[in-house]
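Next up: some structures, all given as structure tokens.
Look at the two complexes coming up: chain A is in both, with chain B in one and chain C in the other.
And now, the complex of A and B:
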């Protein structure tokens, strides 16, 4: 079987696994115990937290791939991994930013508040948006190098976002959450399910980058 | 109830939209590659 044949097979298996796990986690979220004060709105946590975890994982992959690209002979594949992961991370971050206010409206009686975690997360999302803006505006000769440098620098914003609840006072996000074991179990499975979904979406996006490389260079991307 | 349903529905819409955009871009690039190779 050719390289592309194997890649297609792995993609199909990843999607099947992701679909199964996500469907299972949604079913479990629907049947998880109700939180006493918030009621059913609390179930937003089962998509909000896993999406945030997947976004941070995606940006970490971008960070690592960017470093490897810069130190190991500037192979286009590492750049492709970095940009693919970054884009999927942006989608997960968008979901965090959409589901967050729906939670906030019910829990904090406001759609948005400029507390440390929300503010730093929004800034992080805008900065990673800049990654794509700059990537598309620089010439093809330096595009990969500039993107890799940005992929490394921008990870600082992820660390700031992650640590914001510890570093600044007045955060409405708790440092740790106490949950009954059933809820914690559903949350853990949801995190695993969405991480597998990230892996499948990443492979799909990476395929796009290999096609782009083939179209631009005229060579076989495999 | 409405907020929880809205959160999951919006997440679904975002993912469907993104995956469709990936599919469309891949189809365009595949076509571009086949034209280049000709």
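And now, the complex of A and C:
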């Protein structure tokens, strides 16, 4: 079988696996024990936390790929990995920003509050939006270098977001979640499922970036 | 030495551009005025409102100063000449950052008395501590601002792009500056919010460290 044939198979398998796992995790979430105070709204956590994990993972991949791009001879593939992961991370972050207020309305009686984790997450999302704005504004000659520099610098915002509940007092987000074992099990499976979903979306986006590179440079993308 | 020469060059460019400096001063003054009118005429917490107004005006006006320095350099061909000298990129960055720091410092000196008068607050006793807060905040602003301005050099709508990157990144610095200034104006000391000094120092050091690592790449990308 040709290289392209294998790649297509791997893509199909990873999407099938991601769909199966996400569907399975949602089914398990629907059948997980009901939280007494919040009721059905608490089940948002099975989407909210896994999306946040996938988003942070995506931005970490962007950070690492940007460093490797800068220190290892400016190979375009590392730039493609960085931008692909960042774009997927933006989508997962958007899911977090939509599901967060739904949770907040029920738990804290407000759609939005300026507490450290919420605020820093929104700032992180805006900053990574800036990554794409700058990338699309820079000429093709320096686009990869500028993007890599941003990929490194902007990771500071991810660290601040992650550590915000520790560094600032008055955070409504808990440092760790206390749950019954059944709920914790479902949450763990959901996180794994959404990480596989991220991997599938990432490799699809990376394929597009590879094709774009081939179209622009005339090189063989494989 | 190179850094001081770059600093002298940038200051000379600014000095020749008196009309821009006058515009920048008036723009920042009008920001303070607008915000003081919006909060007034009867202020609930003048120390808090004045400190927020002072730092908001400084940060917004500062963006114009950051991009202007690079525009002037492009117009005069100074940037290209600087690269041809083979000067150490970090020294070039340091010179530019110091020029931006001095420009922002001059704006702070202009806006501080205006905010004090408009909000009827402040005393000379806390001035040295206020100056210390300003140095901490403006070092970070100049360090990160020079880095991001170099990234956004030559782009369309660079002021907007710069703002999108700079303001969220510097939010810890801005909050720290506002809290410390507020504490000094309201209580005469920073005891209650002392931790923010550490946050601001971390932001300052991080900006300089990232610039030391990445400025050469940014300079090469701009060529």
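Assume the second predicted complex is superposed on the first by the 222 of 222 C-alpha atoms of A that agree within 3 Å, B and C clash if a C-alpha of one lies under 4 Å from a C-alpha of the other, contacts with A are read in each partner's own complex, and residues count from 1 in each chain.
Here, a residue touches a chain if its C-beta (ideal position, glycine included) is under 8 Å from a C-beta of that chain, and two chains touch if they have at least 3 such contacts.
These figures come from a predicted structure and were not determined experimentally.
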Partner chain(s) touched by A:36 [first = chain B, second = chain C, both, neither]: neither
Touched partner set for A:160, first chain B, second chain C, both or neither: second
Which superposed partner A:129 touches (first chain B, second chain C, both, neither): second
First, second, both or neither for A:204, with chain B first and chain C second: first
First (chain B), second (chain C), both or neither touched by A:137: second
First, second, both or neither for A:150, with chain B first and chain C second: second
Common ground on chain A, meaning residues reached by chain C in one complex and by chain B in the other: none
Residues of chain C touching chain A in the complex: 147, 151-152, 155-157, 161, 164-165, 168-169, 171-172, 206, 210, 214, 217-218, 220-223
For the chain B and chain A complex, residues of the former touching the latter: 1, 3-4, 6-8, 10-11, 14-15, 18-19, 22, 25-26, 29-30, 32-33, 36-37
Chain C-touching residues of chain A, taken from the complex the two chains share: 70, 119, 123-124, 126-127, 129-130, 133-134, 137-138, 141-142, 145-146, 148-150, 152-153, 156-157, 160
Chain B-touching residues of chain A, taken from the complex the two chains share: 26, 39-41, 43-44, 47-48, 51, 91, 94-95, 98-99, 102-103, 105-106, 201, 204-205, 207-208, 211-212, 214-215, 218
